[in-house]
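Think of it as A, B and C in the order they're written, each chain with its own count starting at 1.
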Amino acid sequence: MTDVVFDVQQVTYRYTADVTALNGVSLTIPRGRRVAIMGANGSGKSTLLRILDGLYFPTSGQALAFGEVLSEEHFQDDTFAFAFRRRVALVFQNPDVQLFNPTVFDEVAFGPLQMRWPKDEIRRKVADMLDLMQITHLKDRSPHRLSGGEKKRVALASVLILDPEVLLMDEPTAALDPRSQSQVVDFLVGWGGGAKTVITTTHDLDIVEEIADDAFIFQGGLIVAEGTPAVLLRDEDLLRRTNLIHSHRHAHADGQLHAHPHRHVGHDHE
Amino acid sequence: MTMGEIRRAAPTRRRRKSFVERTIIGLAEAMEQSLYAEELAHTDGLLQKIDPRVKVVGMLALLVAAALSHTIGVILGLFAGALLLARLSQVPLRTLVGRIWVPVLLFTGVLALPAIFTTPGQPIAHLPLLGWAITAQGVSGATYLITRVETAATFSLLLILCTPWTHVLKALRVLQVPVVGVVILGMTYRYIFLMLQIARDMFESRQSRMVGRLTGPDQRRLAGASVGVLLSKSFTLSNDIYMAMQSRGFRGEVYTLDEFVMRRSDWLALAGFALVAGAAVIVDFRF
Amino acid sequence: MHIPDGYLSPSTCAALYAASAPFWYVAFRKITRLLSTRLVPLLSVFAAFSFVIMMFNLPLPGGTTGHAVGMAVSTIVLGPWGSILAISVALLIQALFFGDGGITAFGANCFNMAIVGSLVAYVAYRMIAGRAAISSPRRVVAAAVAGYLAINVAALLTAIEFGIQPMLFHDVSGAPLYAPYPLNIAIPAMMLGHVTIAGLAELVVSGGVVAYLQRSEPGLLKITAPGAVGEGDAEVVQRGGWRVARPLLILVAVMMILSPLGLVAAGTAWGEWSPEDFGNAQARQEIQAGSGNVAPPAAVPPGLAQVAGVWNAVLPDYDPFQSGDVNIQRIGYVISALVGGGLILLSFLLIGWVAGRMGRG
């Protein structure tokens, strides 16, 4: 068993001939680490997550998971595909994309049904998971009848039911109210007791220290910095250069314009 | 020119509204209606207790019986049956009147009215002044149409109101609709609400930015662009949903959990539906 | 346009379900092959899209508003087969959960709007757009005409389905059991609204959407624009366009002729009419037709009656075979209506073609 979960080597990804999302990215993610990937919108961090989840495939370079290459051909193989899908889970930024089933119950049961678990086992595990995430009362609700925080919990339940080893989270706190944000952060801090690998993309700098041991900063499809969150977050110049903070200009009572570095907390840049 | 359209168009008569406002009202009403149906589906009534598969098959049988009938008495009998079912299922009369009876009368009634003059047959009365002949066949024809449409619409509304839509979906499996069809229907229904929301937000933000009234051509350009924006959002959405499905192990084939269990009361209900529908057809042939 | 339950006889509904089935089957096969595993999400989202645009209240010239079905829009973006499925799913959801359009009439509604509507839109769009560049104004005209034509052909079919009801289905006294108006009233009454308001709604939304997509998402227009100028070998495609369009056009024509004939046959089989009564009603109708009006004391507005009168003049007595036999008369009646419908269709196609010529310059 290797201790490296993901090994990304010189990966480039182009949407079209002129739109390059990743431009030669290399990184290694060891088992059991909690990693934050920071960057402004369009820095390529969401694209990287989709490559790590085997949804996009590199235009050049290669990405390995558990020592195996993530390629379109490899995913044709059912055995590999099912094993991978079970071990790696992605929570999308937009819960409306992730919650495509008619009810919360169906949503949580979707993954196990695709894995063709026995139906009785599915019913039992779904019930347990709904309890664990405290969403049993929402069981028969349609996703469009849920609040933002509830949607996030359902989305988490729907991937955690497969008991993945690796959790990929795309902007988990975006567009959530403060209470739901802290619930998500608490969950990420507590989940797996250190045995699981968690990769989170975010531009919410306030949560990074809590949810990550290592951090990368992306800009323009490249890694521009890596280190511990504590070190990176102290480098105000770096953060300003990568658009993670920006000088915020506003008029004061005396009519003078005043600029100071400004963090965007609790709201979305989109 | 459907009942729904008439419902949606109704409030606009009072005061001239821009097409944006009217569309927002229509979208909001569609969302409210389904919310109401979901609430009613969870109350404790007769129809609510019956297995959805039995309900779908049973209501369909009653619908077909109403469609087959050659006798106004039989249609009225089925209508009375529908009323009784509504009563036992705690569907308020107000809902039936507001959502079915009045709109149907407004649309089908008005449409059927000239038929009492144009249908050839036995004259039974003449309009004063104009001297137009009302024929017996014309009156029967209009009565057939109105009672039949009212009865059929009442049955289908009862089905919709007393069954959570997810159950109606799964019940379609007994009508041999393939699993993939059921899954597509479910997903469509789910994303209708997201698209309604997107469309509504889009229109509302447009409206807040609009100063004064738009000219006709500008309005049309706006309408075309709105549909276009929605269309390109649909593409992105469907791609992302596809990835979310793949990520959780979707390989093209879909599996669902069917949880319905037929109890004795369900078999009884099925027999009841069959009895009523069968009786209607037999009585109809006798007369 | 959405036919509710109760307007069509069960046998008409069954016949139209049967007519729709092969199209659904072929569309499903073709789309599954094309999209493979993407089928489910793509179709679902586009059916939802179709549903939502049917709710848009569109501003029309003259200050009114109307609803569109979006047949041309979905056909242009998804191709005819994808459009058939997406609109069918949207119609099913409308019928099942929102009470718009009947459940027994679902097959009829799909046949008129989803199937024939999409195919007509496709043929018209391909014919008029030719191999014009994706950004050409000709494509906007083509889309607008395609939408206008599609909704009008769908309305015509609906009118024919309504119009054959009193002929085939009445009780012992001769009272119509379902839709009460014969073809000579149903067709003009239905077409009046669709040639104007509903047709315009479809025209506005189809043209407008293509104009918008040309500016911001030209990629979405590519499916139904093979070989548009600047997209590859033009000559091959010009032939290709016709190769695809012609069989579809023939298919639509054949279906138009077959489906009402099928209904006549079904009516006979079901035995829901008796020849004596029919002869009676028919005789009365002939007297009325002879006197130059629908029914002497008609409640239809004068303008409408006039249209109906013109109709009578074009197709005298509804009996092209000049035969006294009731059955032949009945068939002749249907054929007359179809010829009339075909003439309308043809003149629309001609207008579209001329507009396309002008749009090219």
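Note that in this section a contact is a pair of C-beta atoms (placed from the backbone, for glycine too) under 8 Å apart; a residue touches a chain by one contact, two chains touch by 3 or more.
Here the structure is a predicted model, which is why all the values come from computation and not from measurement.
With centres computed from CA atoms alone, B is the chain lying nearest the middle of all the protein shown.
Using CA-based centroids throughout, the chain positioned farthest away from subunit C is A. Averaged C-alpha coordinates put the centre of subunit B at 22 Å from the centre of subunit C.
Averaged Cα coordinates give subunit A a centre that lies 41 Å from the centre of subunit B.
Once the centre of each chain is set as its mean CA position, subunit A and subunit C turn out to be 48 Å apart. Taken residue by residue, subunit B touches two or more other chains at 165, 187, 189-191, 194, 237, 241, 245-246, 250-251, whereas all remaining positions touch fewer. Contact with two or more other chains is made by residues 100 of subunit A.
Within subunit C, contacts with two or more other chains are made by residues 41, 44. If you check the complex, the residues on subunit C that touch subunit B are 1-2, 4-7, 9-10, 13, 36-49, 51-53, 55-61, 63, 65, 67, 70, 73, 77, 89-90, 92-104, 166, 170-171, 173-181, 185, 193, 198, 204-205, 207-209, 211-213, 216-217, 220, 272, 281, 284-285, 288, 294-295, 297-300.
Of all residues in subunit B, only 35, 38, 164-166, 169, 186-187, 189-191, 193-194, 197, 237, 240-241, 243-251, 255-257 touch subunit A in the complex they form.
Contact residues of subunit B toward subunit C in the complex are 1-5, 8, 19, 22-23, 26-27, 30, 33-34, 37, 60, 63-64, 66-68, 70-71, 99-100, 104, 108, 112-122, 127, 130-133, 136-142, 144-145, 148-149, 151-153, 156-157, 160, 165, 168, 180, 183-185, 187-192, 194-196, 199, 216, 219-221, 223-232, 234-235, 237-239, 241-242, 245-246, 250-252, 254. Residues 50, 53, 55, 78, 81-82, 85-86, 89-90, 92, 94, 96-103, 106, 109-111, 113-116, 119, 122-123, 140, 142-145, 158-159, 162 of subunit A touch subunit B in their complex.
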